[in-house]
Structures are given as structure tokens and as C-alpha cells.
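In the two assemblies presented below, chain A is common to both, partnered first by chain B and then by chain C.
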Partner chain A sequence: MSPREPAPPPQDAGSLAEQAAAVAPLLEDSAEDLYENAPCGYLSTLMNGTLAKVNGTLLSWLGYRREELVGRRRFADLLTIGGKLYHETHFAPLLQMQGEVHGIAMELKAADGARLPVLVTSVVKTDAAGEPLLIRTTVTDARDRRAYEQELLRARRAAEEAHREAERSREHLHEVVAVLQRSLLPPSLPLVPGLETAAHYHTASPDHLGGDFYDLFSLGGGRWAFCLGDVCGKGPEAAAVTSLARHTLRAAAMNDPDPEAVLHTLNSVLYERYTGDDPRYCTVVLGLLEAAGLRDTGFDITLAGGGHPPALLLRDDGTARYVPTPGGVLIGILPRSSVTVVRTRLEPGDTLVLYTDGLTEARTPAGRYGDEQLLAHVSALAPSGAEPTVKALTDLLESFGNGLDDDTAILALGVPARAHENPTSSPC
Partner chain B sequence: MLKTTTRHTPDGPVLDVHGDLDFHTVPDFRKTLEGVSLLRGQRLVLNLAGLRFCDSSGITAFLVARNLAATAGAEVALTAVPEPTFRVLRLVGLDQVFPIEPAERAGADSA
Partner chain C sequence: MDIRRRNNVSVIGREDGPALVLAHGFGCDQNLWRLVAPALAEEFRVVLFDYVGAGGSDLSAWDPERYSTLDGYAEDVLDVCRELGLRDAVFVGHSVSAMAGVVASAREPGRFGRLVLLTPSPRYIDDDGYRGGFSKEDIDELLESLDANYLGWSGVMAPVIMGAPDRPELGEELTNAFCRTDPDIARVFARTTFLSDSRDDLAGVAVPTLVVECAEDVIAPREVGAYVHAAIPGSRLVTLDATGHCPQLSAPEATVEAIRSFLRDGER
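Coming up: the complex of A and B.
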């Protein structure tokens, strides 16, 4: 058993006071010592700012002797130039108005010129009549806090710089993608006498090269070739195939314009180049335009397709229909391609539209847009020239909004309608 | 989302495809395909009964399967092809390239 009973739990004011009295000598034996060596700086100034009293803690922080400051310097003299200005314009007026100012971040200048970040709180002491007598100020060391703030600032600046760098890289990528993308398409469609042409290219993302392509070029002798296709996949690998496909089609058509022969050549090139676990293929519609000879009499068209959605034909009589090329297989997957050829004619007022499946595969609230809706849409347009048809389909693509997640190419070839006889017009 | 399970039958492996074959899931599907062991003369069946969506990436995956099988001296068949995917296959002419079967043949039960 212990010789002394443990202290009873504090139950009344008397026992609390006894405890406080017991520990007081251990804590503080002198108010003066507490003032001098407190863990913060204390200073008092006259109302004009002249330092009247400074505690030992602050003197040691600043490296001054008491006699260098008291009665000789003003509080503002201890501040940096920026701090002086702030003191003059904000701190002092606020103190005068409110009688106290709390927790202002400032920098004190030590005797050796070093700067000490501090938090300053000042209170005006008044006499019994309310007249201001002096200013009492506590100064708290804020070096840790400043270091922390600076670390935060530094981290923020680093993050902002990284963000800007990422933005710059992204912009650069977009530029590169845009330049390469343009190289996969003709800069402008050539003028074909007696034919109106229009095209639109929608890129699903500025980050990725699209795999769709189209082209229209002269074969000489009143013959022209056009094509529109879709290479599988996206990105640089697909773009490389797109470039290969487009240039192969051009070169092959120059050599032998028979659309079936051109697609066989393209098939062989892709089949031999890409095999195994990296199959690269495309769907294509390729056509040959032959002017019928006389002006305004239209064009004969030979179309060959390899696994591509059927072309649309908008007739002058207001009807529209698909021009299927059934039986054609994706170009590039079989050693010997299977290509089907169809012939048709573009009469004045007729427009042929080629497109990629981004258009029909667009997601709508009622599911994929689909062939039937597309046919209904263009049937309502017919008769319609190349330019207004592409405009209408571009508007349709835009109406899909986020539902359009694939690249889409559209190419329209139309023969201008015959000018209708107008009995009131005078002959020219 | 895509889940593929592999079964082995006397005629060859059967891959049951559940979910979407698209740009995001096809890389995994291709890995699965590459891990399937095929013997000369066998038939790899892709059972598409559980296929919900298939885009051009999925079509490419079928072609990868076909090329892998050809390398092994085997063949590939598609079975239970959902109508939307069948329309795409017909559009791009792959109905002429792949044997397409309405449902699994008898004897293709789990080994």
C-alpha cells in the first residue's frame, strides 16, 4: 500500500486552486521573465511609432541591442520597404480606426539585412478617458508558415508550367495531325467541266488522324476518277495505310482506269504489305466518270466497290436510291479481291453521293442512324445539287452531336440541272 | 465490357464472346486469340451469341483470328452472329470469307 493516498478527483474550486498554486512556481516565477523570453516578440511604441519597449526574444531574432532601438527607431524602421509602404497606407490607418489589427503578414529587417517573415498583431492602449497612450504589438515568427506557403506556390507554379507544357504539346499535336490530315485529302477538288462537286470531312477527334479519304482526279481524255474510302483503325498507322491507299489508287488508275483493275491493284498492295496479326484493310468505292461528249448531257459512271456502303443517287425527278455494289469484299484481306462493278449515268439534275459509315453508324436516341433513315433523308432533298446536298448532310452530321464518334467523309458529284424554259425571258 | 471464355471441343476451341467488341475491348480480345492453341485441321469457333456490339475494331479482330488460324493450318467459323453484326459482315463482304453458322453444331459441348 502506498504511504500516501492518491489525490481525490477535483470536485470543488478549492481543490483546483490548490493544484494551480502547487504547479505555479514550476511554470512562471516572473512576469518580467515571461515578457522577455516569451516564444514571440513583444514591442510597445509611442503613438508616433517610436519604440518604447522591446522584448529579448525579438531583439535576438533581429540581432539588435536594446539601446539601438528603444527611443531611437520607429516600428516602421524595422520593416522592409514594401512593409513600410503597407504600414503607412493600411496598417497604421486601420489601427487608428479600429484600435487593433490582427495577424498581418509582414517582413522585418534584421540588423544583418536578413528578412524575417512574421505575423504582426497590434492593440492601442488607452487611458481611463479613452485617449490613446501607446501601441502594444506582438510579433510571431512565420518562417515555417512562409516556407510552407512558398512550397505551395512553387508547387502551383510547377503544376501550371506542366499544364502549359501539356497544352503546348497538345496544340503541337493538333497542328501535326491537321497537316497530315490535309495531306490525306485533296487540297481542293479539281474543276470538271459540266460537273458540280462538293465534299466534307468530319474528324472525330483533333487528337487522332482519321482513316477516311476521298479523291477526284483527271485521267485525261475527258475521263476522271473519283474514290472514297475508309481505312480500318485510327491514328498514325491508319493514316499511313490511307496515304498508301490514296496514292496507289491514283497511280493504278493512271495505268489502267478500269475500276475493277484499280481495286485489284490496291488489294494486292495492302494484302502483301499487311498480313498476320496486323491486318490493315479498307472499304472503297471507286468510280470512273466519262463525259458523254456534248455539253450538259451528263456522265457515264462505272462504279466498283470493295466492302463499302452503297452510293446514293439523287435523281432530277425527285427520287433517290442506293447504287449497291454487292459482293465486294474489304480490300486487303484476301489474296485475290472480289470486286463488283456497276454502271449508271448521271443526267442533268442528278447527284451521286459517296459517304463513309460514320454517317450511318452515328448514334441517335433511337439507335444507330442507319441506311433507311439516310435514304429517307436524301429522298426528301432530291432533286438537289452537289453543294446543297453536302451542306444538308453536314448539317445532319452536326445534329448528331456526340452521337457521331467516327470520322466521316462525304463526296458529291452532280450534273447541273437543265435551265428550265422560261417563256417570258428574252432570247440572248 | 467484354468477357470471353474458351472451351475445348474435339473439333477445336470455342470462344464464347460476351459483351462489346470495340476499340476499347479488342486489344484484350486479340490477346485471348493469340493465347488459343490451334492444331492443324482444327476449327476455331467464335460463338457470338452474347455479342452486344461490334464495330470495325471487332471486324479486324475476326480477321486476326482468321490469319492466326491460317498460320496454324486451321480454319475459323462464326456462329450465332447477331443480326446487326451480320449486316455489317454482309456489307463488307465477309459473309463470303467466314463460314457463318446459325448455332453451334452438335457435339460442341464443354469438354
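Coming up: the complex of A and C.
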């Protein structure tokens, strides 16, 4: 009210009475009118469902005359057949057990066959002794609500279908990745007389191709080459480099088995193929195996390393040490590679282990697993043949759980130990 | 596997009484027997259970393939019987469960000495020369009703229902708490129920059988009751003066009396 307007004069008794008379039609004191013309449908049925009372609102929604329904039809008769099934299997049992049922979506069938989506709530009215007398039901028009819910349902079904489609695509991707991944590794390691071999490849994710690789192949004349490497990155591009690296190593070693020369060739191939803004490189250890003697006397090994973690040597005497190839740099990153070559010997009972850095980079509660722990771990294993060593390292990888987030390759070459002579069992 | 937990088995009543297995139908769980179980327990050793997927069963044991045929439900019945070492028991199956009992009884003769089929129907959809009362479209309509009503079910409730009630207050929030079912599971059960056809199994029933029907039942009308009665050799048919598909709720005394008198007659 504006402050300039005077306050209204106090009302006398006469004008109050006039006002009461004016609002009398608005007092809503006719229960009959409230029932008949309520903004929702009302109905009452006997316990067996026979309609006993229906309000005007519901009759007008359905287009029936009162005498067509009351005493003649059951509530379930007003439902669609699917609705009847639902009524009999859910609604009626619930009502009998709980005495009330709230907000059930159903469809009523009007006299002209039209369908009216409604929400139904029913309560059982009991007598003083608690015996059920009849069922009171309200029916709310739910056309807009149902349209909205059907939109939600449609959206949910679309989302579910999209999800299933995505799952199918993902499964297909996994199959493709698995096939490609296998193609980057030898299907099985060749038999090398006097040598035990074992390998393991851990795939970090079925979604991605890893870039680790290993190989072992004959060069003829009792000589063998082996390699293990790690191409930078993941995915199809890394896999292409992996394939190129592995086949280049094979071809180059066949041509000239000198490990240093082989790595130089690989360096040139990678450097020239991947120039410019997409440099691709790898770390690799390449080795040459030559039988040291005529029989069971082990192998001479020439190892060349290009920026790769050092190999491990488990000795027959129970010790273990790294075989460093220091100074070697990543293969493919510089026009001229720098390769370190070391020579060692694999005696009976010795095992040489190559691995990629997924193993030492694994996260543990105490930080990265690291070289020292790895050395301690294999020292405890030594002496150990190729097979049990790879098994032990596979177990170790599994123990990392989620801490292992990179692909990891392991290759072990071992010379079987000589049968130990046992003086007590020797014949005399 | 712990069958008692998986199927939420409870055994009540006289330990020395004849065993009576109560098997619920589609739409609810063992709650459906609440008005008749106490009376039956005075005389019998009453076995109650939920099919996997219903009521208090272990939902993690639910398998869409197994529970897409009546055989899967029959297997549940037999699993419960084996677990309790029941022989010569009385099987009382409601609605679709009646047919699961027929299948189970044929599969392991000796488990059940008598069958009580409560409002059974061997086929709900009309066929040449057979009136089940429904068409394929009607069943689709029912599936729509299921989709429109998640009775007592919501995603947040699932942990409570599945036995991890770290938030028990959730249990109070939903109405219609009886018969709550995971909607995906309910849909599979509905299809299995209403698309099944076990008419050929009826002739193989080899134990005394009581067929109980209601005078007015939309789901299993009287001609279906008559069909089942005629198809099972030597069966007895009782028509209750009751309305609806669940006489164990709408006419519990009459239902108990029908079962009792059928079993009493067998003793003579």
C-alpha cells in the first residue's frame, strides 16, 4: 500500500456478514460435490472387484453412464488385457497383503476403446473388527506423466543398446589386438640343442597393442641370435615399429651376425623411416649364441645393448648379477647409433634373463620396484633354470596387480646344470 | 552352493509332519503364502522358498538362460528338495509354479507323492482348438505394465535387498515392499511364464493330483482348469467360490481346506 493512501475505515458487523454471504458458494461444504467433481476419478468396489460407486469425473473420462458400470462390471474390466494380467499378478495380491497399494501405472479402456493412462491407488476399508469391507480407489490422469516416462524409457533403452554396441565393438577390438599382438611375437621358441628357453609376455591392457618384443632364431652353423626390445609408445603405430624392428633384426642378423652391425642397421632403418615430427625409437638387447664346445659345455654370448635395461645372469653357484651394456643409446633416435658390446659365457647351470622395464617400473607400495629389488629377487632364485625363472618372474608380475601398467616381456636362456655327482650313490 | 540361502528357504510347522512344499508363482514371492502357511503348519512340515530372482533369494545366482525355461524353475524346486532330503513330499504350486512342479515331479520320481496345482495353466496363449485366454499382444502389454511399475524396486534399494543392509533406513522408503523384484528379472520370468506351453507334460503326471481353480479367474479361466483336470489321469478338480488368481489370499480358509481334505483322503 502506498504511504500516501489513507488507512481503510474499520469494518462494521454488517459488512462482514455481507462478505460471508458472498463467499458462501466457495466454502466447499458439499461432500457430494467434492466427490462427484473431484479432479481425480473415485471408485469403490466390493472385495471381489465389483464396482459399487464411481464418481462423475471418472464416468466422464471413460464415457460410461453410471448404470453401465455400478453392480455390473469389475474394476479389472476397465483395464486393458495386459493391465488385467498385471492387476491379477501384482496389484490384487499386494492389496490383499498390504491393505493398500500406491501409484500403480495402468491404462483404463474408455467406452469408445480409447486408452487412458492413469495412476491408481487403492486402500481396503475394514470394519471395526478389521474385516475387509470394500476397496476405495483413486485414479489420476497420467497422460503427460506417462508420455514423459516413456521418453525416459526410450532414452534408457537407446543408452542400453549403445552400451551393448560399445561392448561388442570392444570385444572385437580385443580380438584384433590379441591377434596382432601374437603376430609380433614368435609363435613358439625354436629348440636350441643344449639350451633351455622360456618366455612370457604380459599385456597391460586388452585395448592396446604393446610395443615389447622378443625373438630367438637360428643363424645356421650352430649359431643363434636372440633379442628383446621395447618400442616407445603403444597402439598401432608402435606395433608397426615393433614389426619393422623385429624383422629388420632378423634380416640384418642373417646378413651379418655381428650384434653391433645388426643394431646399427636397425638404427638406420628406424631413423630414416621415422623422420621429422614423428620420431620412433626403441631400446633393445641383441645377443649372439655360439656353442662353446663340443658337448654340454655352455655357450659363448656376445651381447649388444641399445639403451636397454641390463640383462641378468643367474649363476650355477647361486649368485646373480647384472650384465650391463653401458653407453648404448636408444636405437633410431640419432643418425649414428652408439652400441655397447659385452661378452660373457653361459656355463651349465647358468641362466640369462632379458626383460623390459615394465618389470622394474612397476609401482609398489614402497615406490617403483627398481633394479635392486629385482636383483635381490633373482639372487634368491639362483641357481634356477629358464622355465622356473620365467615362472617366478611371472608370479612377481602378477603380485604387482594394478601397479603393473606397462607391457612386459621376459626371455630366459639357460644351460641345463650338469648332473651333480653324488659320492654316496657311486658304485664301488 | 548354499541352496537354503540362494532360495531363501524356510521350514516351519510340525517337524514330524508330512512335508509340504509351497512354490510361489510369477509376480510375487513366498509372501504370497502368508495367509495359508500358519494353518498348514499346524499339520505339516511346511517348506517355503523363493525362486532365484524373487523375494529374498540370492540375486547374484540368477542366470537369464537358466530362468528362461520352466526347467530352470523346476531345477530350483528339486534343488530345495535335495537340500532338505525330501522324499514323497506334497508339492503345492501356484500358477506357473504348478507347471514347474509337474516338470520337477516327472524329472525325479519319488520326490513328490502328491501334487496340488493352484490355479494352473499349461498355456496362456490361445492355440488351435485351445483357449488359454490371451494373445501374444496381451503379453506384450503386460511387459509394458512391468516396465511402467518398478514395484518396490529401485537401484538404491538393490544393496539392501541383496543382503548388504549398511543403510537399513532405505528399507523404509518404498511402498509396495512385498513382492519387489528386479525389473529385468521380472521381465524374464513374465516371458517364461506366459509364453510357456506345458500341455504335453500333463499326461505324464503319475501321482495323485488336485487341481484347484477359482470360480472367476481372468488368468486361469475355468475352461483351462477343466483342460488340466482332463489331461491329468485320475486328477481331482476343486472349484473355489473365489475371485481372482490368488485364492491363497482371497480365500485362504477354503484353500487350506481343499488341500487338507485332498491329503486326508489319501490316507485312507
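In this section, the second predicted complex is superposed on the first by the 292 of 428 C-alpha atoms of A that agree within 3 Å, B and C clash if a C-alpha of one lies under 4 Å from a C-alpha of the other, contacts with A are read in each partner's own complex, and residues count from 1 in each chain.
We adopt the following convention: a residue touches a chain if its C-beta (ideal position, glycine included) is under 8 Å from a C-beta of that chain, and two chains touch if they have at least 3 such contacts.
The model shown is predicted, which means the values in this text are computed figures rather than measured ones.
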Exercise. Look at A:Q96 in the shared chain and tell me whether it touches chain B only, chain C only, both, or neither; answer first, second, both or neither.
Key: second
Exercise. Have a look at where A:Q373 lands relative to chain B and chain C in the superposition and call it first, second, both or neither.
Key: neither
Practice problem: With the two complexes superposed on chain A, say which partner A:G306 touches: chain B (first), chain C (second), both, or neither. | Solution: first
Quiz item: Does chain C touch more residues of chain A than chain B does, or is it the other way round?
Solution: C
Quiz item: For A:S268, is the partner it touches chain B (first), chain C (second), both, or none of the two (neither)?
Solution: neither
Exercise. Would you sort A:T344 into first (chain B), second (chain C), both or neither based on which partner it touches?
Key: neither
Exercise. Could you look at A:T364 and tell me whether it touches chain B, chain C, both or neither (first, second, both, neither)?
Key: neither
Quiz item: Between chain B (first) and chain C (second), which, if any, makes contact with A:T297: first, second, both or neither?
Solution: neither
Quiz item: Which residues, counting only chain C, touch chain A once they are in their complex?
Solution: 25-28, 31-32, 34-35, 95, 134-135, 138-149, 151, 175-179, 194, 216-219, 243-246, 249-250
Quiz item: Can you list the residues on chain A that touch chain C in the complex?
Solution: 47-49, 76, 80-86, 88-90, 92-94, 96-98, 100-106, 146, 149, 153
Quiz item: Any idea which chain B residues touch chain A in the complex?
Solution: 23, 30, 34, 55-57, 59-60, 63-64, 67-68, 71, 84, 91-94, 96-97
Quiz prompt | Sites on chain A touched by chain B in the complex | solution = 230, 232-234, 275-277, 279, 281, 283, 306-309, 327-330, 333-334, 338, 361, 368
